[in-house]
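All chains are identified by letter, namely A, B, C, D, E and F, in their written order; residue positions are counted from 1 within each chain.
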Amino acid sequence: MKKKLLLVLLLLFWAVPVFAGDEPPTVESNAAAIALVQTHADYVWTLVAAALVFFMQAGFAMVETGFTRAKNAVNIMMKNLMDFCMGSIFYWAFGFALMFGVNSTGFFGTTGFFLSDFTPGGDPWVLAFWMFQVVFAATAATIVSGAMAERTKFVSYLIYSAIVSAFIYPIFGSWAWGGLFHGGGWLEKLGFIDFAGSTVVHSMGGWISLAGAIALGPRIGKYTKDGKVKPIPGHNLPLAALGVFILWLGWFGFNPGSTTAANKDIAMIFVNTNLAAAAGAITALIAAWKLFGKPDAGMALNGVLAGLVAITAGCANVTPLSSIIIGAIAGVLVVLSVIFFDKIHVDDPVGAISVHGMNGAWGTLAAGIFNIGGTSAGMIGVQLLGIATCFAWSFGTGMILFAILKKTIGLRVTPEEEMEGLDFGEHGATAYPDFQASTTLS
Amino acid sequence: MKKIEAIIKPFKLEDLKNGLTAIGVKGMTISEVKGFGRQKGHSEIFRGAEYRVDFVPKVKIEVVVETDLVEKVVQTIVSATNTGSIGDGKVFILPVEGAVRIRTGERDADAI
Amino acid sequence: MKKKLLLVLLLLFWAVPVFAGDEPPTVESNAAAIALVQTHADYVWTLVAAALVFFMQAGFAMVETGFTRAKNAVNIMMKNLMDFCMGSIFYWAFGFALMFGVNSTGFFGTTGFFLSDFTPGGDPWVLAFWMFQVVFAATAATIVSGAMAERTKFVSYLIYSAIVSAFIYPIFGSWAWGGLFHGGGWLEKLGFIDFAGSTVVHSMGGWISLAGAIALGPRIGKYTKDGKVKPIPGHNLPLAALGVFILWLGWFGFNPGSTTAANKDIAMIFVNTNLAAAAGAITALIAAWKLFGKPDAGMALNGVLAGLVAITAGCANVTPLSSIIIGAIAGVLVVLSVIFFDKIHVDDPVGAISVHGMNGAWGTLAAGIFNIGGTSAGMIGVQLLGIATCFAWSFGTGMILFAILKKTIGLRVTPEEEMEGLDFGEHGATAYPDFQASTTLS
Amino acid sequence: MKKKLLLVLLLLFWAVPVFAGDEPPTVESNAAAIALVQTHADYVWTLVAAALVFFMQAGFAMVETGFTRAKNAVNIMMKNLMDFCMGSIFYWAFGFALMFGVNSTGFFGTTGFFLSDFTPGGDPWVLAFWMFQVVFAATAATIVSGAMAERTKFVSYLIYSAIVSAFIYPIFGSWAWGGLFHGGGWLEKLGFIDFAGSTVVHSMGGWISLAGAIALGPRIGKYTKDGKVKPIPGHNLPLAALGVFILWLGWFGFNPGSTTAANKDIAMIFVNTNLAAAAGAITALIAAWKLFGKPDAGMALNGVLAGLVAITAGCANVTPLSSIIIGAIAGVLVVLSVIFFDKIHVDDPVGAISVHGMNGAWGTLAAGIFNIGGTSAGMIGVQLLGIATCFAWSFGTGMILFAILKKTIGLRVTPEEEMEGLDFGEHGATAYPDFQASTTLS
Amino acid sequence: MKKIEAIIKPFKLEDLKNGLTAIGVKGMTISEVKGFGRQKGHSEIFRGAEYRVDFVPKVKIEVVVETDLVEKVVQTIVSATNTGSIGDGKVFILPVEGAVRIRTGERDADAI
Amino acid sequence: MKKIEAIIKPFKLEDLKNGLTAIGVKGMTISEVKGFGRQKGHSEIFRGAEYRVDFVPKVKIEVVVETDLVEKVVQTIVSATNTGSIGDGKVFILPVEGAVRIRTGERDADAI
């Protein structure tokens, strides 16, 4: 009881600081108090959504571990854990400022390093907003760990994750999203639509994955001398499936949370997100069934993610029916794309390039095509420009980064270590010591 | 003394165990093995690419018995595990020159 | 900062569309703005709850996989994933309309197919409500996969899941819950109490499970020629336990979310849900300890779920103390029920019939018995009528559906495939290729 | 639509019960309605946070299972499940009353047993508050299961968990937090700062863990005759990593939820929580790398938890930068502490003493040192007093409790059972029957 | 040359390894097996129904040595693994007609 | 008839299988084993404490062939699995006194 009274007082106090707490309410004080309650709802929603997006880190970790071998499970877990930790610190120090700081040139922000926009007692919105943005930055970073799995030096991966979170991701991000805070970038000024980040987050991660997979080369034994694909089956499909469920859950924070406001728009975003994922799984399953004769589990799981990635750009500006179409196309696209990259011997153990790169691009295009308000050549043009720019920037900087790492500390572990497994080589550990390994898949 | 090794289909193990205990065999040792032979393996798919699994799961039974029991044991194994389909497996007979029961130090016949 | 201002404006704008945004607030505009903020809170709560209920899909997948054999793990994961995907699409196309569309007869709705109730720019509440309802429909559908585990043809299961989500679940649902939206069913008009779905969702799933288990017959080796039960132990109890924790979490969306409004009622629903689950686990553990001499883990896990299912109907109209009693009885009931169905050779690998069917019925009855406002013969009668109707409808339609599937494409895999495992037979996959299987439990 | 109208009415109704629902709004009715909407937001946030904290139970279960052996996996799952169930019932019956009941002496509360503070129709805030508090009590209790893993009698553990939730935790809790409800304790009156429970929850659990580990003695084979440490590697590191991700997620309910109000303060708490965890992981990784030559996975995981525990006390009254420092120190501290307790042969399979005990103390001290409002000798003194009191109380009562259990029903299983595994001995179960165990680690 | 096979209790492996290396044995091969014998298995429960587990986890050690070492090796095995309780296991001695070290192609005595 | 047992490095299994099938071997049985020998194990760390893993994963191949094939099979195994580095493994030749094909009851030569 005393609690509710206290609240009224508190509200009045906040609302009309000039009066004492026991002043009677006025129309004006009520209006201010209403805005304050709405603001509280915005904080709660934005931060709950941030927590859900954070949990996607666990989803990525499970999917990537499940889709790779037992002898590398500890290493993949560590990469997924540490890239989030490195990302949190480096995005706090540099990334957020470059992405959302005051941006006179339109190319990157220059204020707010080390969260200096926040001063105790000041408006804490910058903190809520940072929290929501840091989990996005970490998502872009962690996508890459899957494509570079089972052969990358741990220390090089840590450095990569710092650079991506501090510079590569935020600089592009400032072009598309800077205006959400103090910044403002050239791409958003052209009217580029990417509501929750099909391009800004997912294509970004996907194209850096492509750079990484190329820079590393395929895992030993993935392609035979005569060029045949020799699949390396993942060691724990139930874990991979759990990861996909967790990612789907996280996407209910990723997409609707991008309103960073508690309003009615989140309803359609929820529905679109869900329908696209479902459609993606179904068409991927059917495509795999047709192509391989069996309803391939890995492809169905990739199909869910493809649908989710594809709807991310347009989730707020397409209808539920369009979402089903977008997801359905994504499901087929991911299957064909996985086959394609295997054919050209780009070894992507988890399909990150196809899921995030290709479908991030598709989703961004689709956001223009299926726009509720109608589409136009100009709109499509801007979407294509954004897609191309993202590819050029992220693939280019990725290639440079990995080339430098290669020349300096080295990017790939020794063949001996790769054969024995990175768990032992990098961490001196065994993921499952109580189980008899089966080394003879043959 | 002989050691009889049988490679069988896993789901036949219980029948075999019952068969052997029925004829008075007191002990045996089994292990998980994989077999290659006339019974071909199969192909699996992982994320769109096919691969062959040539080795079939089998169970190996090792039982050491006195020489005069060998034939009976072999018969029992064959009748307990035969399904008539390819991959039923093999029985091999190997010589054993000695046995010890660790608990008591008993030797040979008394050891098993 | 600009954000908060913007919000005030936005609020006023929404509240008093007739005035321009910069009109000073009035008592009326404030009242409308207050209602709007409350609506925003309702959206957030309903959709966050929907996300939690969605996550129950992962919980079911883990429980069912953990309680069955390694050679069928991929298949079970795929069933749990795909039934949600099929359910989402078919509930969008047909189910929602039949359940919540305008319902003149009281037997099913006839409007709102393909979410046609929503028009861009219109009130998006239908989308928030749909999102919350679709995860319920999928829950009812996925319950069945556990009871039919380790022997059902994948394609037949996909068809089943479409039919349940499109027709069987929604039609009964319209009788009990249609009035929550545009519909209105005969059962609710009689005053049937089932706040969050002990009957509508759980008994529904449980009785279809019974039909499925009967139609399929037991797994090879489950019962010996002389009729003895030969248990088939689950291959990953930690995964099953994780699943139960996830389900418990999801139920904090399932029950309190059924208010579809952010209000004070959710507090008691949370507490009741939690206490019933705890009590169910404890009594199930004790019952198992008494009966089998050991505190059986599987039974304790089933006990949690039994308590949760049982409190679902009455979570909003019984006291916390009553919730403990309801859960405690559920815990004992589930143990006895599992033993009973094993005795009559109905092979339910995960106990879905006992957990969802039996305890759904018990919980629905209990909601009448322990009603805070007091109970009456009439009230009990209506509850019993609802329970009986649900059994007749879901078991009946289930039997017909499975009989048709049997006659047509077939319901069960070949004995050879069942022995080798459905992972290979249905999906050409192996769940754990890096581990040496133990085929010799014997 | 009708929904929103209904809401306005509802709001007015609640707000000005004296008038009929169709009375026009007044400034006063609006003010009351605003407070009510804020209250609804508080309920939603507090209960969503409670759900996240509940999920930490799954996190603890995964971490503890992953860090121990396969032969004890079922037992650890059961302990983590049942201590929450026992805790829920005993905290409902006794704990809550002792902690938050009217407290004339300042030493424990004396009203509100069996949730008697709630009467149907009355203010349900007590239920929301209880829900949030019960998950905290269960957290304190479950911390201990890890330190006592792989050798404790199941029945004794059940009794322990009842006693802790009913008496040991709530009595200390009443000294520090009683004033949050009807109580009021001597420690809080001195100005002791422990916002979310570094001391009240984590040190409490950590010091009881210390008592438990001492009372039990080390696991067979953990220390050789000549005193060397012979590590017993955990059987499933991916599961442990998943557990850490889940705990991190749960902490986003644990710390910000401790406002039990939807306000702007939660933003800084989110950020501080996240940064401290990230910093803790990084410094723990570096420390391990320096000390052992490899980036030890187990230590990085412990580092995350150490950072989270350490920021729990001060998450609302230190800056983000301070949070990084607090977490960074925690990461090093946990590594050194784990080594220390191994050196003195206190066998803590999961590091609960170091993570929760030591870092709970450090975090509580840090909350005084880094206080935004500035610090003082007096403030530090009170923090130290609280730390010391917690140690004395929880370690003392823990020692007594375990001594009694030892004398009566016994605390530890037989050596034979310990060798064979508690899964079989206590539960007659096998966690992973389909996998060939590797019994030959070395 | 003989092959000595020992079936032992898993927790005795380390003692055995130390014992054998102490008497100069340079190598051995071990595998996870399951045993059936006088030491009975146990019953377990799964969701309310009981089932027997008849096979007990054991470890099998295979060591090939020259004939004159056999007795010493057997003694060492017995003393290292004997606990006096049922299920301690067995030692079997089998003839070996040849050995090759793959790395060098060395034969027989030089191979081990 | 002889039984040839080879302990090899796991990644060499496929080459070995191909080598043996190439010379007409129709079947073989493999199992997961762990080896101890000149090739030392390694140390691992768990939560800050180091421990030794002395046993190295190996694969054991068992193939029973007629006596006249033995030398050829041994040659094939050595050439298929030799890497020249420590730990390549061993080949052992053991006498076999009889074989039965469970499916048909065929004996000895006809059984394999």
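Rule of thumb we're sticking to: a contact is a pair of C-beta atoms (placed from the backbone, for glycine too) under 8 Å apart; a residue touches a chain by one contact, two chains touch by 3 or more.
In this text the structure is predicted, and so the values were computed from the model without any measurement.
The interface holding more C-beta pairs in contact, when D-E is weighed against D-F, is D-F.
Inter-chain centre distance (chain A to chain F, centres taken as mean C-alpha positions): 47 Å. Measuring from the averaged C-alpha position of chain C to that of chain D gives a distance of 30 Å. The distance from the centre of chain A to the centre of chain B, each centre being the mean of the chain's C-alpha atoms, comes to 52 Å.
Among the residues of chain B, those touching two or more other chains are numbered 17, 30-32, 34, 44-46, 53-55, 94-95.
Annotation for chain A: residues 27, 30, 34, 37, 39, 41, 44, 48, 123, 125, 233-234, 236, 292, 294, 296, 298, 427-430, 432, 435-438, 440-442 touch two or more other chains. Screening every pair of chains for touch gives A-B, A-C, A-D, A-F, B-C, B-E, B-F, C-D, C-E, D-E, D-F, E-F.
Those residues of chain F lying in contact with chain D across their complex are 32, 34, 41, 44-55.
Residues 27-28, 30-32, 34-39, 41-42, 44-45, 48, 52, 69-71, 123, 125, 233-238, 241-242, 244-246, 248-249, 252-253, 256, 261-268, 270-271, 274-275, 277-279, 281-282, 285, 292-298, 300-301, 304, 319-321, 324, 372, 432, 435-438, 441 of chain D are the ones that touch chain A when the two sit in their complex.
Within the complex formed with chain B, the residues of chain C that make contact are 419, 424, 427-430, 436-440, 442. Residues 10-11, 13-14, 17, 30, 32, 42-46, 53, 57, 59 of chain B are the ones that touch chain C when the two sit in their complex. If you check the complex, the residues on chain B that touch chain F are 2, 6-8, 31-38, 54-55, 58, 60, 74, 77-78, 81-95.
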